[in-house]
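Two complexes follow with chain A in common, the first pairing it with chain B and the second with chain C.
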Partner chain A sequence: MNAISRRYPLYFALPALLLYVTFFIVPSVTGLGYAFTDWTSYSDQVNFIGWKNFQEIFSPKARYLVYIGNTLIFTVGTIILKTVLGIGLAVLLNEGVKRFVNFYRVIIYLPAVLPTLVVALIFRSILHPATGILNGGLRAIGLNAFALPWLIDPHIAIYSVIGVDSWKGVGYIMVILLAGLQTIPKDYYEAAHIDGANAWQRFRYVTLPMLRPAIVVVSVLNALYALRVFDIVFALTNGGPGYATETIATDIFKSFSEGQYGLGTAVSTILFIILLVVGYFVIRLLERGQARD
Partner chain B sequence: MKTFFAAAALAATIFTVSSGAGYADDKVTLTYLTSQGWVLDAHSALYKKFEAETGIAIDAQIVPADQYYNVLKTKLNSGEGPDIFGGQSGVNTLVVDLNVEKNAVDLSGEPWAKQEDPLVSSQATVNGKLYGLTYWDTLGLVWVVNYNKAVFAKYGLSIPTTYAEFKAIAEKLKAAGVQPLYEPIADGWHHVLWFPELGPKYEAGTPGLADALNANKATFANNKDMLTDLTELKDMYDSGYMGQTAIADTYADAPAKLASGSVAMVVGPLAYATTIASQVPGTDPNNFGVFLMPLDDNQILNVNPGGPTMFIYKNSPHVAEAKKFFDWLTQPAQLQYFIDNAPQALTLPFAGVKGKFTPAQQAFMDTYKDKRGTVYQIAVNYINSQWMEIGKDITAMFTGAESPEDVLDSVDKRRAEFAKAAKDPAWN
Partner chain C sequence: MTGKTRLRASGGHLIAIFASLVMFVPVYLIAVNALKSKGEAAAMGVELPTDLNWDNFLTVIDQGKLTTSFLNSMIYATGSTVVATFVAALAAFVLSRNRTKMNRFLYFFLIMGIALPINFFTLTTMMQVSHLINTRQGMIALYAAMQTPFSVFLIYGFIETIPRELDEAAIIDGCGPLQLFFRVILPLLKPVLVTSALLSFLGVWNDFLLPLYYLNSSSYWPMTLAVYNFFGQYQQSWNLVSADIVLTILPVLVIYLAGQRFILGGLTGGAVKG
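On to the complex of A and B.
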């Protein structure tokens, strides 16, 4: 370590450091600064107003706590759904299916490359309570009780959004997990088989532990994506009905489009802090896993 | 060799640029920055006619509606405004969004200024100076309940004048399996009409309310008439008059639904029958009648004198040409051409024009000649700017997440935010 330090003096890092400070640190800190001002599009003056924007956000009358709650429900829901379905599909494509494997891989991955807006528009018509094909199909086979008002009932809408987002995102997660599966040596399965392990035991005691690093990676990716979710919510429900599916990112967009720049920056600051905390713990988790390995 | 090519390319560029400049000297092009939906086909046709007659071209730059004010404000604030810019009239918008006293040319002395309907021109006037030309049918575009006459006749119904009568009609239709009202909530703006459009009724209940609201001496919260309006609106939703899928319904589907008779009523403009007939082939426009939105037993006509308006940018090099353009547009021949060729318009707010109201529409307007007032999104500041948010509040009220009182509280809260942001003296 010492030898390396001597060979490469610290000032070698200066150009990179300078670029990083200029283009990442300074704008971020300035951004944080604007969260404490009354900057709007209606006035050319910007005044320091202390914690007022944050008081506003956390006041009991404001709906921000609902938005933060929705974001967390979305995050937890999509992580669970995408990971479970992703593992299932990956295992199926790795071992279960023997023919047309590549064809299935392409089909399952396809939604990930479709533009979110297109997916949302298609699902808005599929999930339409009266004319959508989902409810039409359910009624046709006599399951009238399951033909729910998917996107227009405030208690169901957020779960419908989670469902659509998982449909779109599961292919991407599956590809990563599939790569993880293919690194597991076949010998382990053979050894387990000889020891008399059944299929579930092989999955539980060989596949899952060996797949753990890949699962951690997809969870990090899912969490960071879901906490910042904007497009699918905006295009599917626009935060509605009422405010039932509004998330932090859709609210930031709304604040900015209303010209409330100071308030919008304050909300983004809160999102930044949430991401920072989640990111920190996830990275700690990752490092702990590696240390044990 | 390389140098030679570079020199040749440079010479060619200079030649092109200078010849372009020479061309521009002969012909003036007025740039007109405007929002989607504000330039009708009849407008475009007039611009072409103007160019043919005078050699002055109109270059309409159309910006998507949701980004329009941001684009315009950026251009105005950076001193790079277009020759002409559009904006909704309404004193609040003129002052807060457009800052016309700084950005627009005073048009009070123009020949057409005295010909314009005073109710309309007052919405483009700040401190006694007229700043904009409202080339839009604001008087004929009244939002009313349109109903299918055949359906009403079949069940022996007559038009309601109170909410109780409306409710009785709706119950009869519902019992007969006809959806009483089509209310497209998915669009986010349409169901809001039921609330600020009834401003004249609120004003009648509390004379001077709009002025008091603008002076920050009154609030929406605890206003009896507004509370009645919202409570009855919620009652319509809860009673199922809007059907089961209102939250997913869109306004674009309304003409087909109303024409087919599967729904009996929908809120639309006075001239909606013409639109329905043009969109649904084989429909007789005379099969549709209108009545006022009957919430809070309203019987006062809701007039919105504001509409898309054109302003001349103060720092434009072509102020004289732009004034000439406005003058040309307001000649009787052009006004009449617009009315005759725009299906959306029944009239224009200028003296001496011949409107195309049908006898029924004319009779309707005549009925309320002396009982009309200005809608609240125009009469009261900071309402139009939060239209879509009010829509979300009302949807939340429908689903039970909020109460009518909450909706009114939210309106007050956002008005205060807007007013403070705009440094409104009444709030500071």
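On to the complex of A and C.
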């Protein structure tokens, strides 16, 4: 043991590791084993049943592929919508307005700090097909054709959920991209200006490339959140109508309430492995950013 | 200022104000409808209430048993935030200062928790074995474990900015590791500890998932779960649901507005470095 290790003893890290291993790692790792059993809440007997749970999950008769598909649609949809709107708002606050920037920033980020459950309940009222203010407003300006049954039509519901989630999350993306924009040296724009680049060209050839690392980071963080999405779906549609908005995490909760622990653990394990892979890349990315500082 | 740039600036403000309105309207809706009568609030409209029905708040506090839930939320959020921020600062300090191969691995291992999902099934067993299921202590422990990885990540990045010469000087003055940490490092970590604590407090206050899985008894419910169940019972009374929501988000709004500098600054510090 050298002087450095004596000065920074490892036991300082033990409480954090103990908490984390007990409540995070042990359940996840034992889950890998229980995924191969017929564990239920009704019986004390747990039998090994091989790959049966996984066969059921991936069989075309089961709806799991639909749930996985919904989760992926939600993930891709929210990433695209939040990123596009987030870039737009960040550029607007960086260049379009000179004053009140922090005021706008605080308001636009506001939905991100509200409880997701509360946001979902409010939007259940706003998106109500007959009495909601969204359709009320659309009818008032003559856009009757756009006054849709947002959360009730199985073809639209998932996109409504994507819309509400993006409303809540866009501020986060904007705040981070705005900070990224503020690090771009002004000279780059001046040089581009002298070379005769117009506003669009300056955005396309200076802003976007300089912002790309920040966009990648927010997109993967968004993916981590979206692959596990639960609250917003549960409280807006509870997976319905039918199974139109059921995601992996809402299905896991259903398995839990029905006592189907073995099957639920198998689904959890699949999600765990997906996120382990995505998470590995995220951490590499965040770490590279820190090292560069 | 030429006419053209002035026009552009006001165009910019126009879009920014529109965006701010879109973000603010739902909060406004909740605030005005919380004061309406049941009939008036049925459509959750934007109109101001004709009479101010302040007694809506008394009704929901009484019917929704909100005093207990408010205290529960406070206990969970405060308890787990204190634990998580403290253990994270301790861990981040040694892992950041002494970068052996093993410490690098432990750091990655810890912050993988930002990405990983919880296995609720096996965690149930874990909670039963440790007698923490359906208890307040259990909730605090679970939330502390959930918040630790991100707090470690935030604090680890900040510790890099504190010069090592301070450590050297403290050691020469005769500080042991504990004194070095508590007397020298911890006071310097204040800004990042505030950020980490605020984000963690809001995260726990807003959470709905853990109580949904692990709290059967309504006397342990936090505000979010209480609101959800209240909504189930009183779906037709949007004025009461709104009043309940106002009470749930009031602490969030106060903390956010008072601590926005730390919250927004902390986010960009943590994630924009790429």
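FYI, the second predicted complex is superposed on the first by the 248 of 293 C-alpha atoms of A that agree within 3 Å, B and C clash if a C-alpha of one lies under 4 Å from a C-alpha of the other, contacts with A are read in each partner's own complex, and residues count from 1 in each chain.
To be clear about the criterion, a residue touches a chain if its C-beta (ideal position, glycine included) is under 8 Å from a C-beta of that chain, and two chains touch if they have at least 3 such contacts.
The shown structure was predicted, so the numbers you read here are calculated from the model rather than taken from an experiment.
Undergrad: Taking the superposition on A as described, I'd like to know which of chain B and chain C A:122 touches: first, second, both or neither.
TA: It touches chain C, and chain B stays clear.
Undergrad: Can you tell me whether chain B or chain C touches more residues on chain A?
TA: On the superposition, C touches more of the residues of chain A.
Undergrad: If you stack the two complexes on chain A, which partner ends up touching A:242: first (chain B), second (chain C), both, or neither?
TA: First partner only.
Undergrad: Which of the two partners, first being chain B and second being chain C, lies in contact with A:61: first, second, both, or neither?
TA: Only chain B; A:61 stays clear of chain C.
Undergrad: In the superposed arrangement, does A:259 touch chain B (first), chain C (second), both or neither?
TA: first
Undergrad: Once the structures are superposed on A, label A:152 by its partner contacts, choosing first (chain B), second (chain C), both or neither.
TA: The first partner, chain B, only.
Undergrad: Give me the intersection of chain A's contacts with chain B and its contacts with chain C, in residue numbers.
TA: Overlap of chain B and chain C footprints on chain A: residues 128.
Undergrad: If you look only at chain B, which of its residues touch chain A in the complex?
TA: Residue list for chain B touching chain A: 66, 70, 73, 77, 96, 185, 188, 244-245, 247-248, 385, 392-393, 395-402, 409, 413, 417-418, 420-423.
Undergrad: Could you pull out which chain A residues touch chain C in their complex?
TA: Contact set of chain A toward chain C: 4-10, 12-13, 15-17, 19-20, 22-24, 26-28, 30-31, 34, 39, 89, 92-93, 95-98, 100, 103-111, 113-119, 121-123, 125-126, 128, 131-133, 136, 167, 171-172, 175-176, 179-180, 183, 213-214, 216-218, 221, 224, 228, 230-231, 235, 249, 252-253, 256, 261, 264-265, 268-269, 271-272, 275-276, 278-280, 282-283, 285-290, 292-293.
Undergrad: Using the touch rule from the top, collect the residues of chain A that touch chain B in their complex.
TA: 38, 40-44, 61, 128-130, 149, 151-154, 238-244, 257-260
Undergrad: Which residues of chain C touch chain A in the complex?
TA: Contacts found on chain C: 8-9, 11-13, 15-16, 19-20, 22-24, 26-27, 29-30, 42-46, 83, 87-88, 90-91, 93-95, 97-98, 100, 103, 106, 108, 110-123, 125-126, 130, 141-142, 144-146, 148-149, 152-153, 157, 160, 167, 171, 177, 180-181, 202, 205-209, 212-213, 224, 227-228, 231, 238, 241, 245, 248-249, 252-253, 256-257, 260, 263-264, 267-268, 271-274.
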